[in-house]
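Note that the chains take the letters A, B, C, D and E in the order they are written out, and that residue 1 is the start of every chain.
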Amino acid sequence: MPFKVYYLSSEGELRRGLGEDEVRAAFESKQGLLWVDINETTEDDGEFLSRNFGFHHLAIEDCVSPLVHHPKVDDFGDHLFMIFHGINHKSESDIVETTELCLFLGSHFVVSNHNVPLYSVNSIAKLVEDDGRPMRRGSDFLAYALIDALIDNVLPTIDQMSDVAEEIEEEVIHSPRQSTLDDILKLKRSILRLHRVMAPQREVMNRLSRGEFSIVSERAQIFYRDIYDHVVRIEDLNQTLRDRADNALSTHLSAVANRQNESMKILAMVATIFLPLTLLAGIYGMNFENMPELGWHWGYYVVVGVIGTVIVTVMCWFWARSWITWGRRRIPRVRPFAVEPEKLVGHLAKWVRL
Amino acid sequence: MPFKVYYLSSEGELRRGLGEDEVRAAFESKQGLLWVDINETTEDDGEFLSRNFGFHHLAIEDCVSPLVHHPKVDDFGDHLFMIFHGINHKSESDIVETTELCLFLGSHFVVSNHNVPLYSVNSIAKLVEDDGRPMRRGSDFLAYALIDALIDNVLPTIDQMSDVAEEIEEEVIHSPRQSTLDDILKLKRSILRLHRVMAPQREVMNRLSRGEFSIVSERAQIFYRDIYDHVVRIEDLNQTLRDRADNALSTHLSAVANRQNESMKILAMVATIFLPLTLLAGIYGMNFENMPELGWHWGYYVVVGVIGTVIVTVMCWFWARSWITWGRRRIPRVRPFAVEPEKLVGHLAKWVRL
Amino acid sequence: MPFKVYYLSSEGELRRGLGEDEVRAAFESKQGLLWVDINETTEDDGEFLSRNFGFHHLAIEDCVSPLVHHPKVDDFGDHLFMIFHGINHKSESDIVETTELCLFLGSHFVVSNHNVPLYSVNSIAKLVEDDGRPMRRGSDFLAYALIDALIDNVLPTIDQMSDVAEEIEEEVIHSPRQSTLDDILKLKRSILRLHRVMAPQREVMNRLSRGEFSIVSERAQIFYRDIYDHVVRIEDLNQTLRDRADNALSTHLSAVANRQNESMKILAMVATIFLPLTLLAGIYGMNFENMPELGWHWGYYVVVGVIGTVIVTVMCWFWARSWITWGRRRIPRVRPFAVEPEKLVGHLAKWVRL
Amino acid sequence: MPFKVYYLSSEGELRRGLGEDEVRAAFESKQGLLWVDINETTEDDGEFLSRNFGFHHLAIEDCVSPLVHHPKVDDFGDHLFMIFHGINHKSESDIVETTELCLFLGSHFVVSNHNVPLYSVNSIAKLVEDDGRPMRRGSDFLAYALIDALIDNVLPTIDQMSDVAEEIEEEVIHSPRQSTLDDILKLKRSILRLHRVMAPQREVMNRLSRGEFSIVSERAQIFYRDIYDHVVRIEDLNQTLRDRADNALSTHLSAVANRQNESMKILAMVATIFLPLTLLAGIYGMNFENMPELGWHWGYYVVVGVIGTVIVTVMCWFWARSWITWGRRRIPRVRPFAVEPEKLVGHLAKWVRL
Amino acid sequence: MPFKVYYLSSEGELRRGLGEDEVRAAFESKQGLLWVDINETTEDDGEFLSRNFGFHHLAIEDCVSPLVHHPKVDDFGDHLFMIFHGINHKSESDIVETTELCLFLGSHFVVSNHNVPLYSVNSIAKLVEDDGRPMRRGSDFLAYALIDALIDNVLPTIDQMSDVAEEIEEEVIHSPRQSTLDDILKLKRSILRLHRVMAPQREVMNRLSRGEFSIVSERAQIFYRDIYDHVVRIEDLNQTLRDRADNALSTHLSAVANRQNESMKILAMVATIFLPLTLLAGIYGMNFENMPELGWHWGYYVVVGVIGTVIVTVMCWFWARSWITWGRRRIPRVRPFAVEPEKLVGHLAKWVRL
C-alpha cells in the first residue's frame, strides 16, 4: 500500500510525492526518470499499475499474488519485468526466508514492488532523497542499485549462518545433545532454501550482463556483471556452509555411536568381572555336607583374595586395552598443509622455463 | 465415452451438442472454433477421431491406450498433439497419482481426451457454457485455459502433501512409531512421482512459450510462459517437500538410535550397580567355618550400609553425567538469522557507490 | 547359423528361402526389398555378409563377436548399421539380461543379426509369411517393426520386475529375512542394467526420428518417434521401480534396527527387574549371626511381597511406556492426497481469467 | 632409453634400426612412413626429439616428465600430439594402475613414447617386423593400431577385476571378515581410477573419429570410431563392476549388523531365562526362620521342576519366534524375469500394426 | 602496500623501482613492457591504479576488497582483468586456504595484486631481476609465467595432503581414535575447498587458451593450454584424494561398529556361560530340608565338575565359531590385477587386423 514516487526531470530537478495524474504525465512524457516504489502491494496497487502504465496483467498478478515466484526476467519489448529474491529480514522464523522484489524497468522509468519493507530499497530511497544520485545515470543504473543492495544484504545473513555453524561445530564436539541434530537440519534447510533462490538468480544476472536486453546499456553491463560475481560468491559461501553442516552431521552421528560403544564396553567389563566371581561365591554358598574347603582355616581368605586379584587384574587389562587404542594423546599436526619455502622455490626454478 | 462438443461460429454464435456430421462440417469449414472433449476415451472414440479429423493413428493410440505416456508435444504440421499430466483427484491411492490430458490443437479446433473426469476441464466447460468466453480469443487461448487449469489444480495437492509433511515432522519429534517410517517413504514416493511428471512438462511449456510452433500466436506465448512459471514454482515447492521428507527421515532414524542408546545406558547402570553388590552379598552367604566378620555385632549393618551408599552414589553419578551432556535446557536461539538493521544499512552505505 | 531370407520383388511378389546367388542378385538389383535374418551369428555368417553385401568388417565384427556392444547407429553412406538391446527372454539368470539385435538398413534391404532367438523377430517373420505386410511399406518400416517389437517386449519384463518389487515390499514389512536384502540388491542390479541399456537407446531413437539419416523417410520418422516415446516410458517405469527398491531397502534396514532395539529393551527390562531383587534375596541369604529381620515372623512374607510388587510395577511401567510411544493404533489416513472438489473448483474460478 | 626405429620407404621397403642422421633424413623427406618408439623416455630422448623433429618443448616435457598427464589431443597444425592411458601390467600394486602412451602423429611419421614397456606396442612392433603390415596403410592406421592394442589390453584386467568381484561376493555372503571391507574398498578405488582415465579418453576418441583433424583420413575415422565403441564398452563394464562393489558393501555391512543382532538375541534370551530363576533360587536360599515351604517334603522338587519347565518353555518360544521370521526356507524364485512366450507373442500381435 | 616496478624498454633495457610519474609515462608510451606488482593491496593502492592506469573501479574494488572472489576473466577491450587462486602458504589453518592473484593484462603492461606475499610472484621477480628473461617475450608470456608459477605451487600442497591421507589410512586400520574422524573431515574440507577453486579456474584457462581474447597471442595459447592441463591434473589428484578420504571414512565407521560387535560378543559369551551356572550353584544353596543330593558324598565334586566342563566347552565353542568366520588368515592376493603376458599377446593377435 505505502507509495513512494520520485521523478527526476530531464532538467535534473528531483520531485517527490507525485499524484496519480502527475505520475501518468511523467510516464507518458518519456523523458527524465520516474521511480515508483510500492510496499505491501495490494489488488488496488495492481489496478493502479494497469491503469497508468498498461503493464501486462500476468506480470501485475505476479506482483500482487502472495505466492512465491521464481527469479526471472521477462522481455515485454519496451520494458523488462524482473523478479529477484533477497532475505526477509523481518521474518521471525528459525529458517532463513526470502522475499521478492519485482521490478519493471523501462528506458525512463522503474517500478519496484515488494510485500515486506526492504532495508535495501529504503537505503536507495534515502540516497535519492539526499541528492538524487542513484537516479542521475539512467534507469538501468537505478535498477542496478536496487538489485545490488538487495543481493549484498544477503551477506550479513550468511555471516550469521556461519556463526550458527560454528556454534554447532563447537557443540557437536564438546556436548552433543539431541537438539543439536535439530539445529543442524534447520541450518541445512536454510542453506538449501538460499541455494534454490540463488541458482536461478545467477542465470538471470548472467542474461542481464551479457547484452541480451537493449534496455541495459553497455556501460551498465559491467555493473550487472559485478552483481553476477556477488551472486557467485554467495553461492560459494553457501556451499561451504553446506559442507560444514554435513560434516557436523557426520560428527554428531559418530559421537552418538561412540557414546553407545562406551556404555557397551562398561557393561561388558562389569559382566566379565562379576558374573564369574558371583558364581565362585555361589559355589561356596552351597549346602553340600561334604565340602572339605569349608573347613580349611584360610579357605575364606583365599577366596576373598582370589576375588580381589581378579577384579584388579581385569580392570587393569580393560584400562590398558582402551588406553592403547582410544586414549593415546596424539601429537597435534602443526599447520599440516603449509609447505616449506625451499620446496616451493626449487619447484618453481625447475618448472618455469620460457 | 461421454462427449462434449462446443462450436463457436465465426459470427460468434455458440452451439452445443453437435452430431458427427456437424462436427465434421465444422472441422472442414476451417472457420470458427470447435472444441471436442472426450472423457474415458475408448477404441470407438479413437475411430471417431480418425474418421472425422484424420489424426495420425499413433497419436490416437496414445489417447486410447491405458498405458502411461510421458508429457510431450508432437508437431504434425497443421496441428499439434500434446500430452500433459495433472493430479488424478479421483484416485484412492495413498500415493499421489497423475492422469493424462491429451490435446490436439489446430488453428480452429481443440480436441481434448482424458481417461478420468477432470475438474479442470469441467470448470472450463462451465465457463464456456456461461458465455463462451474461453473460446472467444482463439484455439491457442482455449488450450492455454485447459492446460493452466490442469496445472493449477496441482497446487491444492501440494498443500495437502505439505500438511502431511507437517504432521510427520510433529510425529517424528514427539512420538516416533514404526509406521512413521512408512509414511515418510510414501510421501517421498509421491514427491518423486510428481517430480518425474513435472520435469518434462517444464520442457514442453518452454518449447510452447518460445515461439517454436506457429500455431501458438505471439500474443498467447506470454500466457504459456506464465504456465511455465507455475510449473517451475510447483517443482520448487516439491523440492522443498523433498528436503523436509529427507530431514524427517534423518530425525526418525536418529530418534530410533537414541532410544536404543537409552536402553543401553539403563542396562549398563543397573549392571554396574547390582552385580558387584550381589557378589558382596554372595560372599557373606558362603558357608566357610572361619569367617570372623559373620560374628561381629555390627557386621550386617555395615554391609547393608555399604550397599545402600553404593546404590545412591552410582545413581547420582549416572544422573549427573547424563544431565551434563543430554539434559541441560538450551536457551532457544531467537530469530537466529534476522540481522540487526544498523548492520544492513551501514553495509549498504559502504557498498552502493555509483 | 539358422538363416531366414525373404524377398519382396518390385512387383509385390514375396519369395522365401533364397540361395546365396539369388540373395546377391536381389541385393545388386537395388529393387524390391530383401530381408535376411541370421540367428546365432557365426564367423561363417560374417564372411557371408562380407562376400555378398560388402559391409565394413568392423561392423561385421560387432555382429559376430560375443562381447556386449553399446546401442549405437553408424552411418555408412548408403546404409546404416544399428545395434539395439532387448531382453534376453531365454536367460536363466536371476538378474535381467539383455541381448543384441544388429541391423543393417539400406534403401532396399534389411539384414538382422542376433545371438539368441528373439520372440520379436519371430513375430515379425510370421507376419511377413502371412501376407508380407511388414515389408510392403519399405525398408525403414520393416526396420521400425523389428525395433518396435524388440522394445515393446521389454514391457512384460518390467511388469514381472514390478511383481517382484511388490512381493519384496510385502516381505519387508511382514517377515523380513536375511535373504530379503539379497533379493532387493538383485532387483536393483536388474534395474541398473536395464537403465544402462535404455539410456543410449533413447539417444539413438532420437537421432533416427529427427531426420538425421536420409534412409529413414519423413513418413517413417513419426513411427520412430513413437518408439522413442516407448523407450522414455520404459525408463520412467524403471525409475519408479528403482525408487521402490530403494524404499524397500530403507524399510528393511530400519526393520533390522528395530528388531535389535526390541531385544535391547527386553534385556534392559529383565536386568532392571531381577538384578536388584536378586541382591535383596542375596542379602537375606548372608550368614551373619546378628540379623534381627531373620527372626521376625512375617519377615519372609514381607520380602516375597516386596519382590512380587516390584516385578508387577516395573513390568507395568515398561508396558505403559512402550504402549504410549510404539503401540498406539493410528487412525489410518484416508486418501491423504485427494482434494475436496469445492477447493478445486473455487481455486479455478479464481485463477482462470482470460 | 631403448629405441626402436622402423622406416617404410615410399617404394614399400622396410628398414630397421636407423641412426640419428637417417631418421632426420627420413623425417625431412616427407615420404614413406617413419615410426620411432621410445621406451622409458629420458631427458636425452627429449632432446633427441627436439633436435630432429622440432616438436614443441611443452609436448616433449609431457613425454619426459614422470607426472601423470590427462588423456588429451593437441593440434600443432602439421602434427597431432596425443596422450592415452592403458593398464600398467608391470605394476605390483593392489590397485589398478594406468600408464601413458604419448603419440606424435604426422602425415608420414609416428613417434610413440612410454615410461614402462607396453605389451601392446611390442605386439604391433612384432607385426611390423613380420611383414610391415600395420605400416602399409599410412600413419593414421599405424596410430590406430597402437591405440587399439592399448585400449583392448584393458579388457583382460577388467576380467580379472570381475573375478575379484565374484570372490568378494562369495565371501561377503558365506564368510564375511574384517578384511573383506578392505578388499571391497580397494576394488572400488581401482574402478574409480579406471573410470577417471576412460572418461576423457572417450572424449578424445570422439574428436578423432568425427573428422575434426585432417591428419586422420576419412577412411580411418571408422576405425577410430571402433576404438570409441571399445572405450564405451569398457566404461560400461566398469560401471557394472561399480554396482557390484556397492552391493557387496551393502551386504557386508548388513551381515555385520546381523551378527550383532544375533549376539543381542542370545544375550536377551539367556538373561530372560536365568535371571528370574536365579532370583527364585536366591529366595529359597534366604535364612529366615519362618519359611514354611522349606519344610515341605516336595518343596525342592517343585522348585526344580518349575525351573526346568521355564527353561524349556522360554527356549521353545524364542526358537519358534526366530523360526517364523528368520528361518523359514523360501521357495527360490525360478528365473524371475523370464516371461512366458505366449505373453510376448500376444503382446506383439496387439501392438505391431503397420 | 609494498611495491615492485619493472620496466623493459623497447630497446631491451631493464629498469627497476620507477616512481609514479615514470610509471605513468611508461604506461602511456604504449611501448616496452611494464610490470607493477602490489603486495597487501590497500585503498591507497587502489587509488594509485585508478589515477595512473584508469582501470574500472569495480575491478579495482575486487583487488582491494578483502572478500573472496571467484576466479574469472573480464574483457575490458584493451586489457583483461583476471582473478586466480593459489594456495596461501602463509596460513596457519588446519584446512587448506587459498589466496587470490589479481592480474591486469594489457598488450604492454601487467599489473599484479595480492593480499599475502606469494612465493610464485617472488620467484618470477627474481628471474626478472637476474636477466629480465620472463619479460622478454611480451606481456602475455609474463602473465603466463605468473599464473603457471601460482598453479604449480599447488602441487606441493597436494603432496602434503596425500601424506596426511596416508597417515590417516594407516591410523584407521591400526589404531582408530575418535580424533581420526575429525582429521578425515578436515581433510575432506580441504579437498572440497581446493575443488571449488580449481573448477572455475579450469574454465578460465580454457577460455584463455582457445583464442577468445586477442591479447593472448596464438604463440602463447599453447602455453596457456599447458596450464589448463596442469589444472586438470590437480583436479584429478584432488579427486583421488577425495576417494581415499571417503574410503577412510567408511573403514573408520566400520571399525567402530566392529569394536562394538566385539564387546557384544564378549558380553553374550560371559552371560551364556555364567548365568546358568550361577543358577545351578543357587539351587544347591537353597535351604530346603529335603534335598537328598546334599547328603551324597560326591555331590559337591559332581557339581564343580559340571561347572568346569560347561565353562571349557562353551568357551571352545565360541572360540571355534569366531575362528571360522573372523580369524582365518587369508592368503593375500598377489598383484590381483596383473595379467599374464600370454593372455595379452594372444588377445592382441586376435583383435588387431588391418
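Miscellaneous remarks
As a convention for this text, a residue touches a chain if its C-beta (ideal position, glycine included) is under 8 Å from a C-beta of that chain, and two chains touch if they have at least 3 such contacts.
Because the structure is a prediction, the values reported are computed rather than measured.
Listed here as common contacts of chain B and chain C: no chain. Rotation relating chain A to chain E, from a C-alpha superposition: 70°, rounded in steps of 5.
Chain D and chain E, compared by their mean Cα positions, are separated by 24 Å.
Here the spacing of chain A and chain C, counted between their Cα centres, is 39 Å. Residue positions of chain D touching 2 or more other chains, listed in rising order: 257, 260, 264, 267, 271, 275, 278, 282, 285-287, 291.
If you sketch which chains touch which, the chains form one closed loop in which each chain touches exactly two neighbours.
Only residues 56, 58, 62, 67-70, 72, 74, 76, 87, 89-96, 119-120, 122-124, 127, 133-134, 137, 141, 145, 148-149, 152-153, 155-157, 160-161, 164, 175-179, 181-183, 185, 188-190, 192-193, 196, 249, 253, 256-257, 259-260, 263-264, 266-267, 270-271, 273-275, 277-278, 281-282, 284-287, 291, 293-300, 303-304, 307 of chain A touch chain B when the two sit together in their complex.
Those residues of chain A lying in contact with chain E across their complex are 173, 222-223, 225-226, 229, 232-233, 236-237, 239-240, 243-244, 247, 250-251, 254, 257-258, 260-261, 264-265, 267-268, 271-272, 275-276, 278-279, 282-283, 285-291, 324-326, 328, 330, 333, 335-339, 341, 343-345, 347-349, 351-352, 354.
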